[in-house]
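Shared between the two complexes below is chain A, which has chain B as its partner in the first and chain C in the second.
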Partner chain A sequence: MNVVHPFEGIGASVRRKEDRRFLSGRGQYTDDINRPGQLYAHILRSPHAHARIGAIDTTAARAMPGVEAIYTSADMAGIGGLPCGWQIHNKDGTPMAEPKHPVLAEGKVRHVGDPVAVVIAATRQQARDAAEAIEVEYDVLPAAATLAQAQAPGAPAVHDDLPANLCYDWHIGEKAAVDAAFAQAAHRVVFETTNNRLVPNAMEPRSAIGDYDATTGEHTLWTTSQNPHVIRLLMGAFVLNLPEAKLRVVAPDVGGGFGSKIYHYAEEAIVTWAAHKLERPVKWTSDRTEAFMSDAHGRDHVTRAELALDKDGKFLALHVQTQANMGAYLSTFAPCVPTYLYATLLAGVYSTPAIYAEVKAVFTHTVPVDAYRGAGRPEATYLLERLVDVAAKQCGFDRVELRRKNFIATDAFPYQTPVALQYDSGDYFSTLDQALQSADWAGFEARRAEAKARGKLRGIGISTYLEACGIAPSAVVGSLGARAGLYEVGTIRVHPTGSVTVLTGAHSHGQGHETTFAQLVADKLGVPVANVDIVHGDTAKVPFGMGTYGSRSLAVGGSAMDKAMDKIIAKGKRIAAHLMEASVEDVEFERGTFRVAGTDKTKALAEVSLAAYVPHNYPIEELEPGLEETAFYDPKNFTYPGGCHIAEVEIEPETGRVQLVNFTAVDDVGRVINPMIVEGQVQGGVAQGVGQALLEACVYDEAGQLVSASMMDYCLPRAEDLAPVSVATHTTLCTHNPLGVKGCGEVGAIGSPPAVINAVVDALRDYGVEHVEMPATPQKIWSILHRQQS
Partner chain B sequence: MYDFAYHKPSSLAEAARLLAADPDAKAIAGGHTLLPALKHRLNRPSSLVDLSGIAEMRGIRREGDSLVIGALTRHEAVARSSEVKSAIPALVHLAQHIGDTQVRNRGTIGGSVANNDPAADYPAAVLGLGATVRTSRREIPADEFFLGMFTTALEPDEILTAIAFPIPEKAGYAKMRNPASRYVMAGAFVSKGKMGVRVAINGAGPCVFRQAAMEAALAANWSPEAVAGIKQSADGLNSDIHGSAEYRAHLVSVMAKRAVQAAG
Partner chain C sequence: MPQVTLSVNGKSHTVEVEGRTLLVELLREKLRLTGTHVGCDTSQCGACVVHMNGESVKSCTTLAVMCDGAQVTTIEGLAKTDGTLHPMQEAFREYHALQCGFCTPGMVMSAVDLVQKNPQGLSEQEIREGLEGNLCRCTGYHNIVKAIAAAQDVMHGRRESLAAAAE
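== the complex of A and B ==
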């Protein structure tokens, strides 16, 4: 019998099945894979932000030991540029500028780290040695690394045919309605801010191995990807012109992504192409410094926002003007981040009736910028939640009450925002109240006074936020410029004796899918978690899939599995009805058991599956043997997790050091499958959000050199930078997917940065400080205090 | 990393011979500075002379009113040493707060002092206690040892073997770490004893240096307040994205005050 004991279904904190493998060092990451006869690629990268490439002399390098080949863009003629998966249109309806993103630089380099040549040798060291012997003539040109530099009159052009460096000038919302509302507003509050550029820093650096079987003509690419099918599609169709049937992409164990491993990168195309050319496997693995200058970066916005309020504090209108740094080329999903993943979120949890947002995307001589944990939504949330605090302060409202006053009412769902989205469910009052209580908001002033006695400035900050994830309805995103569908695929294969293999197009790179997805099967089909295997990350095994990002795996991928399980149950009922000599309409199914309603006649799933594969007593005339079903699930809407984050900090005035001392998160992520995994996801997200707020800054100098190119200068959060993160959930169900789930992967990184900065500003309330830009480093805080004192 | 030859001598004399015979050879102890430099291809020695097999460079012992720490002593050993704790507790505190566990279990006091990274911890203790650096051929007073950024009085084939710290009446160390690298952004090591009152500042400038005005103030009045008000000039101090020269100058006063507080 399939009795699930102890309970492993939805809501159980089942320990992660994958952790034994990971914690004992037996994960199989791309760099752990070695193919017979494998060669190693080293990429020679530009040391300059902007230069014209003259002669490339590879004579000496070619003569060096172990060198098999050296390629430059001249050798890759006919190879397509790296495609962009999303097309944004300008205010005037014309499409965005989409300059070619060559696999190897053609004529010019446009950022430090731009690939110029590739050396392929017998060992990694030999490849690197030879790369150092390549002589490249660079005619160094002035560079523009920042948004301000790139938009200044006479700025150096990143792409010759684009003198203004403008990728697009886009807008959303009703300008006239916003203007009218501002005209009669009692209060107008202006807030300007920079959302700091970040470097994702997954624990595992990117790696790729290309292999080619000349006897079958099959190409295989092992790569550190969050979405192998997407890479197969993009690289096969747009770059190398390979048919899907001859291209297998495998993303084995992947050690973190945070978005940075969504995109199709040049190195994937290089090793696949070179493996074919040389008929030898070719491996490339990034080192950490290389990762800093070649993995897509995140954020990097400059924004001016203005909020109109009536005399009672009701929000009347919001006008936002944002400039977004795209970097030197368009990464795969870059254009949609500051538009449809950002400006559409500007209503937040508030019933602001009129919103107008304008976004200019600008090319600069920097590493391309793309989605990074939260992608657009952290930028929107940070802007809104800082703006609300600034408004409360300037207009004399209590910051909590101002939020409460403007919340979308709990009975107003579905709620149509003025910026395209329609929220299906939420309860912002409950998450707020629960967080206020959990964080002891009311008792804060006593803690502040106690801290003051110790010479510390203590502050508390709040953020009430919402995000849109579970991306996405294909027709909707298609109409907004996406060049892909965003459904997901799930196959449920019930084996003859009742164990289950699940094939999913979602990809796990730290999220614990092997456990959570198995729990879905345990809950619905009654198969123990130990007997459910999750297969992902291989285009040769999984029918299709769009991968994992945007907190979509459960909401979209899980829903596909659920639909496939519905088909399994429907077929199983027909088999069971035959076995029990009952009418199919009378057969019920619950957690592993088929029963003739109102009787004690039952058949276990394993008996039914055995009959399906050994069809001796089987309705063979009307039903195919076997018990395997596939479903494609295309979501009807985004999902809208939200909640309340409260941060408490202490500042040491002598040094300016900010210490997070307490963090409370109460999130509505919809139905929770595994509370332990949700807690871990939120804590990890909060750690990244605290990193953005207090520590992390990707810094380019005036010449476009990447100053923060290693951990020596780029400050990731360490354990001691964090505080206990209290995680709780308050659930309203998603109304449009079968599981009622919303997603939890990004809420931590989205909700936390403004809570932390609001706490920092609150700590400095006696110093007349209006705002502190992220990251709030010791030096920055000291400078503010020092300025105030002198 | 480029290829290099590897030697592991078992005596100081043999190590000195190997270094003298090859001007492009480098001595390596814990390797916590040299190995990353090699991995980044910033250094290309023809050979590495691994000092870890030399027994005479190990050990912590009292010699009269000095505490002598062998150059190969790892940070973790200093941090856990009851001998050091009873003689100079400030050194234990310093060693406990170098880098992280992995660094403390590999890095050595000799390597740190010989390398003279401006952001390293030990040079502040050596200068701040008026220690004597013992080498394969002589003894060098701390005041004559640290010459500039990554530069010391050591000759190319001269090996630092031990450091003799005079045991002070009082000593204390405080530092502000670079948030990213956790190296010292500004630190102060203060002491009072037969070497007089000494204040050594690390992290802030290109090389560890003595702060004369603070020493004079503490000589007159050993108290945190005595140094808190003394301003360090920002001229010539280091400046980077984490800390301007002005910020570092400010931190020098704060850390000196805290070091005196810690010394008691």
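== the complex of A and C ==
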């Protein structure tokens, strides 16, 4: 049976194993699960950005039909706050401010959507009805939603003991070296920009079900999570004080996440705690408006950057000052996003010798901000790639040649940047050349002229980017403030008949793990994809894991599987040697077959696995029965995907609407396991990047009210807003993981926004426009055109 | 409480509902047909699209009491009873037109209706415009558009199979 179809291994576009259930309505997402005797929770949330909570009168609500319980923070005394998983230190070495993030608001609400009370009733509708009958006295206070508001003199304090609203003031790089370089620079280019606040908007709203088994004392939480083991650790150890053995966390099918389902949220703790208290299962499912005001948001930076160049255009130094909006509380990984996932990326693909970055993280009366697809790297890339275009224009360089002139040489790897990272591999010249050719960069002026004849303004923009995936190694990130390890765990279980189950701590929320991971096994062990099952998303089934984020699943999780397969092969060789009466050193293994070197004596993997579980003829004195191996893989370094994105847009002058007409991506994501899935990941990432560049903006008004709290107000890209995306890869292998893979989940969202805005600015080149802030909405563009004409 | 009798995927059901009960709540909570999803509260995302009397409707903005006597088809009822996928389902798989799968049931049901209403065939741009009622956050739509373009040829009998359409 171990004859693998030649097209199922690494490099084959195997159609996805998981699709059949999704396409026939048999996916199982958290809200699809119902437990016997289940109750429903509804969270009463603050309508105010900032208010002191007075009396909460639940009398009328308690008398409503179906109501089982109503809880406020007073009922949850002794429950810990939601923990933050990363501690940043200030310039002076002191730790960041880390105010308590209560599960239910204590005394004050600090953002619209801050949970105040929970109603638990027999039906979803009854819980909602009763919540409307709760009367909360609010003493409404002035609020600060924006970075500017929160840092203004006399700004309202989000936390009473932090009057300046400062979380941390951090820096990286050598200021003296940067100052010295600026003193000699022929050109100094200043660029100021805002990276717009986004709401991730996975299509599946968050949901959580708590259950408690009074017989065993075991708690179970079903939740929409990218990393159930992390939730078990955070909620068990820091919030509810439950030992791991008594807490099972299950994340079934997850309907998209993009980062927003990494974090430990209050509702997970509420339903787990309430299910214990009531000894009944409790389900909570977010509606979309609730998601807008309770899912972690993304981005929201204000930055001033200055680049020093010599007379030939060589970059000499970069100085960056960024303010980052943290929201009202620190979400799980929020502090590391504008620091170690942002400022460390400011070298980009360039050999800039001196870089100094200062980052101030600020509390505001808004929903917490955390990692969203790309997390820090899109902000860094957008800043750099706009800055390079601005510099080219101001100093009179060709924007492509200026990039090429400053690229890290292909023979310079491993390359140590001035901001901590060491890149292991890359070839930025090849991805650039391939993209220029594929996008017909040289032929653009003809297309521009043709568009002009149709009354359209056409522009082309480029971005050459780099990012860092598979955050690691544990010891290094620990020294930088991470409070968790960042390894991954893989178990390979070869069953007696030779089929395989893979247990992995990585968890798919749309990436096709059940297919890609099966291909790894098909490639290495020769087991057909159909006979490989991937088990993930359940702490009771998978021994340990750290989950899926930062494009780590293949680079870290896949590497763990590869290491575990090495152990399987090593043990299998010993069994096979015994069966074939040969020396272990003489046994070779290739795609499902053990062979005595230079002979025709072979044993299939299934024969060896059968012997392992039915050890009648077995080296039992020296080898345990069974064929199951586990590996923990802790990466030596990040991986560094990079590439070139080229966008072409047309502006309709009458309306100001920007239409994306062409998009070319050439990415180096390392070794490609399934080209179809990689292409899909890049296309999806580009769609979110285009959304950021042209459409999406999370808007708070002056009073801190969330104005864009529905899909009618927050503009997500639709099919018409996008254009065909041409995706190609150019591979250099990662040098430090066994698969040579880098990661592809975020490259689209990282590389594309500056390419699109560079194209918009190019389209407006006759209008004297230096910059257009994201999102480049019709209103903004129309205003620019109108102002210029009047 | 009002009673509603309706046929879902060819099977008749009589259920008690509240006046405010939505069709999607009836499907998911009363009939446990959880393939139909809820992605928003404002009729924007289309994850809840089903067919009612042969037309696509958003089941999140259809009251259950409006469905008395209706024939409803959900994603669970689209494949043949022997398990053979509908050409649209097959095309979504072949062209990698889904990732997380959450928008997929509504997207497929909308696409089937769109193609059925346009026997003349749709251009890529017309397919993009026809999807205005459905959001997908994963795929960037590119592969969804390709899948629908291929499926329409099979559904209208212009091609025998998807493999032929792909050529």
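Operating definition for what follows: the second predicted complex is superposed on the first by the 788 of 790 C-alpha atoms of A that agree within 3 Å, B and C clash if a C-alpha of one lies under 4 Å from a C-alpha of the other, contacts with A are read in each partner's own complex, and residues count from 1 in each chain.
Please note the rule applied: a contact is a pair of C-beta atoms (placed from the backbone, for glycine too) under 8 Å apart; a residue touches a chain by one contact, two chains touch by 3 or more.
If you're wondering where the values come from, they're calculated on a predicted model, not measured in any experiment.
Asks: In the superposed model, which partner reaches more residues of chain A, chain B or chain C?
Replies: Looking at chain B versus chain C, the one contacting more residues of chain A is C.
Asks: If you stack the two complexes on chain A, which partner ends up touching A:Leu722: first (chain B), second (chain C), both, or neither?
Replies: Only chain C; A:Leu722 stays clear of chain B.
Asks: Where does A:Gln125 make contact in the superposed view: on chain B (first), on chain C (second), on both, or on neither?
Replies: After superposition on chain A, A:Gln125 lies in contact with both partners, chain B and chain C.
Asks: Is A:Ser708 touching anything from chain B or chain C once the two structures are fitted on A? First, second, both or neither.
Replies: After superposing on A, A:Ser708 lies in contact with chain B but is clear of chain C.
Asks: Go through the superposed model and pick first if A:Thr289 touches only chain B, second if only chain C, both, or neither.
Replies: both
Asks: Between chain B and chain C, whom does A:Pro778 touch in the aligned arrangement: first, second, both, or neither?
Replies: Only chain B is touched by A:Pro778; chain C is not.
Asks: Of the two partner chains, chain B (first) and chain C (second), which one does A:Gly684 touch, if any: first, second, both, or neither?
Replies: second
Asks: For A:Asp253, decide between first (touching chain B), second (touching chain C), both and neither.
Replies: So A:Asp253 only meets chain C here.
Asks: Indicate the residue numbers of chain A shared between its chain B interface and its chain C interface, in ascending order.
Replies: Residues 125, 289, 711-712, which sit in both footprints.
Asks: State the interface residues of chain B toward chain A in the complex, per the touch definition above.
Replies: Touch list, chain B to chain A: 1-3, 40-41, 176, 179-181, 240-244, 247, 250-251, 254.
Asks: Would you pull the chain C residues touching chain A in the complex into a rising list?
Replies: Residues 18, 20, 28-29, 32-42, 44-45, 47, 74-76, 78-79, 85, 89, 92-94, 96, 98-105, 108, 127-129, 131-132, 134-145.
Asks: Along chain A, where are the residues that touch chain C in the complex?
Replies: 15-16, 18-29, 31-32, 34, 124-125, 201-205, 253-256, 258, 287-289, 509-512, 676-677, 679-681, 683-688, 710-712, 716-720, 722, 724-725, 748
Asks: Can you tell me which positions in chain A touch chain B when the two form their complex?
Replies: Residues 125, 128-129, 132, 289, 654-655, 657, 695, 697, 699, 707-708, 711-715, 777-779, 782-783, 786.
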